[in-house]
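In the part that follows, the structures are each spelled out as structure tokens.
Here come two complexes built around chain A, the first alongside chain B, the second alongside chain C.
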Partner chain A sequence: MQKNGPVALIFHVLVLTFVLAPLVIICLVAFTPENTLSLPTTGLSLRWFKAVFEHPDFMASFWNSIWLATLSATLAVAFAVPAALAISRYTFPGRDFLNALFLSPLIIPHLVLGVAFLRLFALLGATGSFAWLVATHIIVVTPYVLRLVLAALSGLDRSAEQAARTLGAGEWTAFRRITAPMILPGITGGWLLAFINSFDELTMSIFVTSPATVTLPVRMYMYATESIDPMMAAVSALMIAITAAAMLVLDRAFGLDRILVGQR
Partner chain B sequence: MIARSSTLSAPWLLAGPGALFFFGLVLLPLALTVILSFHAYDHSTGIQNAFTVSHYITVVTDGYYLEIFWRTLRIAALTTLICAAIGVPEAYILSRMRDPWRSVFLLVIIGPLLVSVVVRTFGWSMLLGSQGLVNQALQLVGFAPVRILYTETAIVIALVHVMLPFMVIPVWTALQKLDPMVEAAAWTLGASHFTALRRVVMPQVTLGMLSGSLIVFGLSASAFAVPALLGGRRLKMVATLVYDEYLHELNWPLGAAIAIIVLVANLCIMLAYNRMVEARARRTLG
Partner chain C sequence: MAFLTLEGVSKEFGTFTAVRDVSLTIDKGEFVSLLGPSGCGKTTTLQMIAGLVEPTEGRISLDGRDITREKPNRRGLGVVFQSYALFPHMTVAQNVAFGLEMRRVPHAERTDRVREALMLVQLSSFADRYPRQLSGGQRQRVAVARALVIAPPVLLLDEPLSNLDAKLREEMQFELRRIQRKVGTTTIMVTHDQAEALSISDRVVVMEGGRMTQVDAPYRLYEQPSNAFISSFVGKTNLLAGTWRRNGTTSAADIGGVLLEASAPEIAAGTPVTLSIRPEKILVRDAGAGRLKGRVASRFFLGSQWLFTVETPIGIMTVSTPNLGVEPAAEGSPVGLDWSPDNMRIIAGNAAAAA
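And then the complex of A and B:
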């Protein structure tokens, strides 16, 4: 294999700088002792982190987002695993349509989904409830789970399952004791990816949240349009920390490159 | 196999609940939005129960809307070009690194994908502001401060940052399928590095680049957070326009018409692009 030349390495460093610059600046500014968005020059302070934890709106939105992401990722798994079994193991009329329907939220802009949900909820008189917000997030994150579970199923050696069936295990027992443990990495990876995507979602949520169900990204967006003080940097730094932690877990357990890049 | 022994109803029992849910929450709301876009609207009484195509006509004839559509297309195309210009060489450089560097840097490049767009956009608003680091650096080397924030430049810079992983991932995947020995074989057989790159590596990369461009263009054209936070009030893109029509002007039918145009345009571009990619794949890969 040929090594990268000096030009290539300089290019690489520039790209890394570009990718990391906005994240690094947030993490630095978050520690400023000043009242304005500025790099900490005189000393480091945790006052803006303290301000975040004492800000009732931010904390409420944070827990709201955590619950929302947990519920929608879990329910997305409940929909996606049986759907993946049906799609990967049976040939039936409407199979391609089903597959396309389940993956469609990936190609429909979130903006359009948000507008469409808003219309449906307005007609149902259901605007602003948490349960409907969960439903919208399930739609958005199910494709991520489905893709990973489908990939796990397609790479699966079926002989153990067939042996179990031959030895008298029922379909459900064979699934529970043999298949489910074997595709567990796909399911867990899908759940985490779904959780992160729900936790970060802004464009669709902004149309379907009410003052009582504002998610953290929507709260941050509203805050950023109204006032700019270092508290925004502190919240952002916390978000980066949470995401980085989730990334490390994902990477240790499954290899993040495999989850984000490859289907298998 | 279970497939053959079970009845035809088994797959529908498994996928049925999800299918119903998706039917009710994807297809139905979209259909309702299409219907809404044909409703008349009155500023004092709201949505009327009368059929009209006036919203679509307004959007394609009024200069205000045309300018926003044109700006959105321009910004999305520019973002796609720059992403390709940065992402393709970067993926190639990554693929030639050795582990552990290769995995570490791949994580650094695609990891930001998981950080909220609001956070990344906020970071750019600090970097590009009039007192931001970019302007301070410019002044340090003797240039006059420039206004970047609230310009199209700012939007493109932040969009490239947000979209870059979507370009790197498919190109990287395409490069993984390429046996490095093939490139080495080309050199052994007398090809120059440039020829090997052009005849061996590029055909593989092009497929990845095309699918990456498709994703980047589609997502950029409908991006909301970046133009909303870095474009200011005047520099609107399609997504911020729809947001304004819905939540400020309260003209839902017009907003719905714009959203439907975005959806249809998105689907058309994807279909056309897929055709092109498939035709190309057949030509180059036999």
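And then the complex of A and C:
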């Protein structure tokens, strides 16, 4: 193990501080008893968390976001797994195009996607429905699932599946009993990343949500443009907690480095 | 009675022909090895029998039934993969039970058969372990048990021993043969290891460049190789290139001016020939005796035998002699080499350059 010199040490501390300090501070502010965004100096209070839970719009948006993220992550898995199997196992015309198409939402700015979908939905007369919102989120989160499932498949020894076939399993049974369990870390990791990305998505959602389908980030954005009070900090702290919990589950179950770096 | 038959089987991958016109009949209960260097098409042939690769041409039939286009799960053959291909998320017992489960064998019978299969490969106490908790040799035996438990008509082994270390490989060779004798399953093994093929097979099929070049019992293959490639690939040999001479009733090969007598088939005088003689067929005599004079260039002690390289007028010869408990000729000393002319094989044509 190489030891860091003093300069490197200071650099690392600064980077970590820069990354973590805003998160730590917003979480502390969430516990303030005051009416303004400030660090709790006189004592700790849960009044702003209570305010969130008693705020019907925020609660509606919270559940809306949870549903949205669950549905879009699950459907993204349903699309990405067969796509990854096709891309990794077969050569067919348009394979590279298909791969690039599925991954393209990663490089197209969400702002552009949002404006584009807004126009499209206006043309189709489809604005405002929850189903369409789910559809846009599926497009945005599919690349995460596809990447992880492709990584899992590329490291997979196909002879296990062939062995299952020779032992009498049909193609679907061999996939369900052998291949799927072997790439499960990739699938689960992809699902959780998709969930988190959908749950956090703001830029595109601003354009494609309707008053009936406002997601939590959009609700926060709208609220923050009018007034900044510690309730925003409380909501932020809740979102951090949910994301961190998801990451923790992921790490405990499969190992974050294995999923994100693709090590086996 | 032919049990498994391959008729004119070929496989092309794009413009590359991996297997060309392979025809083979295998009897029930036979142990046949497909032997050849890597890339010779032996694994592709095995995969075509297993149903994992579809032949471009030809016909494969099992017990009179055409299985050429049948899906692997309908063939019911047992396959042991080079990587063993165990299911990592299942225990040893679950791995072995998988094929029975697919056949909807009732639970009680399944348990019994799994137990018997694990007993056969001597892994009874490992039933509840996961593959990652086993050694290489144990994994290999699980793979064999998993393939045999479904009582397949044919067992296919793809380089089953190549991932094991030398000592274990030797043990497992005899173990495989013991198991095969006991259950009597027709077995086809793919290997690049000639010693492995010779020691456990009833018949060996040699493959080169996608073609079958010789099919014979191990002893015959070793003693009567059909070409220079086989004679040097199967065991060690000395290859001598020369010209065939006839002088009345006697005939001999002229190797760089030295005439070597050999049993004479119908070869016209002046034909280039290649002779082959195995190192263990040559005897080391005192200087002046024997058919050829030479000088010991180097000497290696291998325990049960001595391996010599001897400089002779016709080139370097490799000679091995059994260790008889007496120290043989030292390096640098002159010796005479002798052999029985019957052991000097003539390989048709001059193929020494290819070897």
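As a working rule, the second predicted complex is superposed on the first by the 257 of 264 C-alpha atoms of A that agree within 3 Å, B and C clash if a C-alpha of one lies under 4 Å from a C-alpha of the other, contacts with A are read in each partner's own complex, and residues count from 1 in each chain.
In the analysis below, a contact is a pair of C-beta atoms (placed from the backbone, for glycine too) under 8 Å apart; a residue touches a chain by one contact, two chains touch by 3 or more.
Note that the structure is predicted; figures quoted are calculated from it, not measured.
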Next item on the list: With the two complexes overlaid on their shared chain, look at chain A and say whether chain B and chain C clash or fit.
Entry: fit
Check: If you stack the two complexes on chain A, which partner ends up touching A:Ala131: first (chain B), second (chain C), both, or neither?
Finding: neither
Check: Which chain, chain B or chain C, is in touch with more residues of chain A?
Finding: B
Next item on the list: Scan A:Leu16 for contacts with chain B and chain C and give back first, second, both or neither.
Entry: first
Next item on the list: In the overlay, answer first, second, both or neither for which of chain B and chain C A:Ser159 touches.
Entry: second
Margin query: For A:Ile178, using the defined touch cut-off, is the partner it touches chain B, chain C, both, or neither? Pick first, second, both or neither.
Written below: second
Next item on the list: Tell me which partner A:Leu167 touches in the superposition: chain B (first), chain C (second), both or neither.
Entry: second
Next item on the list: Return first, second, both or neither, reflecting whether A:Phe102 touches chain B, chain C, both chains, or no partner chain.
Entry: first
Check: By how many Å are the closest C-alpha atoms of chain B and chain C apart after the superposition?
Finding: 6
Notebook entry, point to check: Can you list the residues of chain A that meet both chain B and chain C?
Noted result: 165
Check: What part of chain B is in contact with chain A in the complex they form?
Finding: 1-3, 6, 8, 10-12, 14-15, 17-19, 21-23, 25-30, 32-33, 36, 86, 89-90, 93-94, 96-98, 103, 105-120, 122-127, 129, 133, 161, 164-165, 169, 172-173, 176, 180, 183-184, 218-219, 221-225, 228-229, 238-239, 242-243, 246-247, 252, 255-256, 259-260, 262-263, 266-267, 270
Next item on the list: Over in the complex, which chain A residues touch chain C? Could you list them?
Entry: 157, 159-160, 162-170, 173-174, 177-178, 181-182
Check: Which residues of chain A touch chain B in their complex?
Finding: 1-4, 8-9, 11-12, 15-16, 18-23, 25-26, 29, 37, 39, 79-80, 82-83, 85-87, 89-92, 95, 98, 101-102, 104-105, 107-113, 115-120, 123, 135-136, 138-139, 142, 165, 171, 196, 199-200, 202-203, 206-207, 217, 220-221, 224-225, 228, 232-233, 236, 239-240, 243-244, 246-247, 251, 256-257, 260-262
Margin query: Taking the touch rule as given, give the residues of chain C at its contact with chain A in the complex, in rising order.
Written below: 50-52, 71-73, 75-79, 81-83, 85-89, 98-99, 102-103, 143, 146-147, 150
